[in-house]
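Below is one structure, written out as structure tokens; comments come after it.
Chains: A, B, C, D and E, in written order; residue numbering restarts at 1 for each.
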């Protein structure tokens, strides 16, 4: 598909199908269209509330673009099929919610270990367990980071609106391709089902990235090496005669299994971490409002960032020196920037729709003389401008 | 010494020499399966560049991973067929073969097995059934014969084995056959057929694990196990006239089904064509 | 900014009415946000659609205090009545909702049946009434939105129902 | 009661075997598992012992089914356990969340090996610490214990059952391939020497009607198990005190989840356990857990010999984590080292706890080998 | 003529009144199958307190919430695995697993075939409506070719599962399939299933007008019932039909009725054998 050089044909189809302009659509649809614009032509999924509209949109649109929609027997099969398709050169995606995300954890680790680009959208709902299926939440923040076993790095982005979801999905694909890694999109049930005005751009305005392919036989022989020093090996796709061996077991640079030599494991897993750590410029992204002179810094993410901004704006109107810091890439956490901002603030408030998760990340980067306080709400109802403003006033 | 053997073995061209020798125990049936598969590929004059071999976790998953020189995807436990589904959809012109064990494909991966058979996706599955979890130390498998001893059924197995071939046939596969490692020529021919069949094909190979299974069931030597296979093998045609009681403990061998049914990737691509047609997206 | 909430039970098309209202606002270039809430039951449980329409940017992702509540069923009304502002506007289907405060309204379901022969166009009747009473969007925008959102072939019947409600609202 | 192994005396056994024997003595009568290295020996021991003590040991088709079966068994009144390793633990995440939500006492043993993915099946690691805490979706709370010796593997297994029963919660026992396969002398107490806690059962019809209420004010509802005529309904959906699904009511959800947090956090003092060594006058502290603690103790002794005022804390309860204690520790010492067999997990918890009051440094090691004491010493003395 | 209790009597006796009304849409077949099941329990005079209902996720899986029995509403697809723990721990309890087709045959397909292989003593009442009703009408693996769902907007292109057929191949003791209008056969089958040891399955083709019918030009339950009448073929007749004619049809009837020992009995014998082998018992 796109990656195999039929780009002009794909651009023709995209232009023909999706006229630029403003559309009134759900966050879930925005995610799906973002994926289509980013070049996703393979989707494998399983129905689950509140993510199903992503699957439905992909099922409707992908065949038009010559792409594949597969409904697998479960979420485990879905992510497995994606990895398989990614190794044949497709940009791939699935969407799910908490219970399905829990089931995908093993193969998410497989994708990390085998450096398989894929995009996994978790439309967070109120949990644990089945919880409140139709209600939004931000309770999977740490699951996205730590859900699979063993030492692993992960990149996760989190959109703050429907429009943002369109662009963040594209960005997720670009990061996945650039760094040959799975990327989690931490979306939520509130934005998923919220309809807003969303601007669909012209296809030419969308910058998309393709994974590195081996330039020569030498590179192809080291599918897990580091020929360019950036930690990202070129990906010798299946079907090109490279005879690539891919395994989730600890492996050498040539892909062959070695599960007994400590140095091999150390080299592999440390490179996986280094690949993510040294390429922060590829994915690090955050938004700041009034942080220059903020005494009260609000740190928020995802769906809560928006009412947080509303609250900060109102606080400013009231003469309170409030500011807002919104990590858009939530894992790895933008710790350095957090540390700088933390030095300036007197109070840090962390509103989120859970019982306190991102606040633990914030805590690692701030000194003990800062008052750090969570603004937490669970039960599926988003935090409001008024609720956050009340907290700001309380510490002003 | 080892090198010399490889240089005289005609199938060595299909193997990753740098990965040899294999990690399989002496007497393991896995070698027979690898040999049969290589011979089938050779017999069909298949270019290994047109092959993708996928496997899960366990000894049998190691038969081809990484030893067979093709694109090889060694996946998580039980999920090989689901991974292979993605590969096949992405590369519809290549032959996708899954080689893995009974525990991997029929226990933890049982759901993917029956669903792939239902979809009738054009994948060939070579399922090596040695009745046991070899790699983890000889635990009971869903294929372990009734009454056999394993480390987790130390007082003899009380569960009945899953009839894998029969279940996969019922789920809708195009081609299903069962052989044992004592039927090498039939096995090679069957694998050849399976690879050529359009649709989901399963070749179940009853195989010996003298170390983990045989040892605990009074068959320490591989030859004893092969004799056991031969003695208890019953051809499909004959089995049809036998009662379930008579069939207890027997291995029904032969072809169970060989039929034409709509194939998944073909239907999928046909659908895409129709949709593109319907929306006027085909280039004129 | 106007926060509008439509409440009924599953099957009344409450969400579709919300979507069409939102789409109409979008057509006019206003800022708009629309959400819904329903029980697990596909039919018969409460069903709520929220629409926030504003010239300014919208920061809340939910209706915090409704300016207008349109109630098409007692169950929907009981679920959300407390969230209507004290001086807010309550619009009801007078046959199906027994409110405990001041209201305006009409027998929307009956009007739907009489106008189109289909009770399930009640959502359009109520929408027409709402638009007439509040003027939050233009009726032309709603007509355009209906054409975009309803199943092919049902555009005219839905617009007819909408206009019936609109006329009723102007009375 | 007759036991299929000697009790009231010491034995020389592997960590996996110790866990199995402890489970039997703790009253575990249902085990469901699936083979996986390096946890298989627990299963094999259970398969050997269970039928003899009229318990059940069953091999399920996968790990998802294994944890499901033990939850079912727990609701039928049995103490139940499963054991696995990383890949299987990943598969169990969904149903682990179910056990938390339905407040089902179970014990899950994760014998950690090198990861991610299939990684190094036979070699030890501590890479699942954060997974044990955060691996399932949604806001949740559970208990995670971590032994450092074969004796502790035995003792902590009994404790895991007691905590699970007392607080009606899943407990994860986080051990590793090294302890699993290491043989040590272990004292296997006789049943009279073991203090066992049994779950609260409803004392009245009233209590039985509130399987998710809080009649005693301690956050832990009595458990109306199946088959006694209580007609209990159990669901992973958000539910009210009687167990009825209430999936759209924010207050019901908040009440339920905060109680599930509270029942554990309010009893933090009893649940949390750590041991200090030579910390009184220390200005350098080593914080470690599990197998690495053994090297850390040796390292402290060597450091003391070299005149460095070092001390250490061995964390026995990883979750809930005692952030306050670490903060106090950080106030007392200038620097905290965290040696662990991963690229930084316990380290994050310690860092959060230290709250900027002491420098925290990670001593990471991966690949399957435990830190040598000298590796720790060298990092401390620079 | 046998005295038939009225639906109200059954409802009064077995339903949790405080949980009503159910979440089921008008025209949904789940309520009918629930009636059949409760009637079968009543006719057999089974003790309400010795039955546990187990389910997974989906519309059908909400049933245990409405009946006044012990009930375990579990995770998606896993009901039979949970049931294994209950049954082996307390063999006196009878287990009814009330499942949907997506739950039992898609995500739960593996537990399904392995529970059958073990011959777990459980009665599965399976609602097959060809769709995922609760999540909004996505296509299920039981859907016949050409049927539509929100994730098959251009018609299902995959081959469907024959759940009953699969259960027979995997070795279930009792397997029957009916559509909801075969109520007498349905009740009798459930009674038979509840009376046998080992794994028993009664599958019902059940109308879902809202999520399934609406998308397949059958908006009402009567239309769906007429369609069932058209596509179902009794077993006796099907045996005489060539495979081509059976394409797109669904065979109904009793497919298996055998008496292999159930898992509970096997395990009891196993415990005895273990003790004997260890010399603990003669």
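Here, contacts are C-beta pairs under 8 Å (C-beta built on N, C-alpha and C of every residue); 3 or more make two chains touch, one makes a residue touch a chain.
Quantities reported herein were computed from a predicted structural model and do not represent experimental measurements.
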Length of the shortest touching-chain route, subunit A through to subunit B: 1
Reference subunit D; chain at largest CA-centroid distance: C
Per-chain CA centroid nearest to the all-protein CA mean: A
Separation of mean Cα positions, subunit E and subunit C [Å, integer]: 40
Distance between chain centroids, defined by C-alpha means - subunit B, subunit E (Å): 32
Overlap residues in subunit D, where contacts from two or more other chains coincide: 51, 61-62, 64, 87, 94, 98, 117-118, 235-237, 245, 247-248
Sites on subunit E at which at least two other chains make contact: 62, 75, 106-107, 109-110, 114, 134, 141, 154, 267, 270, 273-274
Junction residues of subunit C - those touching two or more other chains: 37-40
For the subunit C and subunit A complex, residues of the former touching the latter: 19, 22-23, 26, 31-38, 40, 59-62, 64
Contact footprint of subunit A on subunit D as seen in their complex: 64, 85-87, 89-91, 93-94, 97-98, 100-102, 110, 112-123, 125, 127-128, 130-131, 133-140, 235-238, 247-254, 257-258, 261, 342-343, 345, 348, 351-352, 355-357, 366-369
Residues on subunit A engaged by subunit D in the complex (per definition of touch): 76, 97-99, 101-103, 105-106, 109-110, 112-114, 122, 124-135, 137, 139-140, 142-143, 145-152, 247-250, 259-266, 269-270, 273, 354-355, 357, 360, 363-364, 366-368, 377-381
List of subunit E residues in touch with subunit A within their complex: 57, 75-77, 102, 106-107, 109, 132, 134-136, 138-139, 141, 150-154
Subunit A to subunit E touching residues, read off their complex: 45-49, 52, 55-56, 59-60, 63, 69, 71, 73-75, 99, 129-130
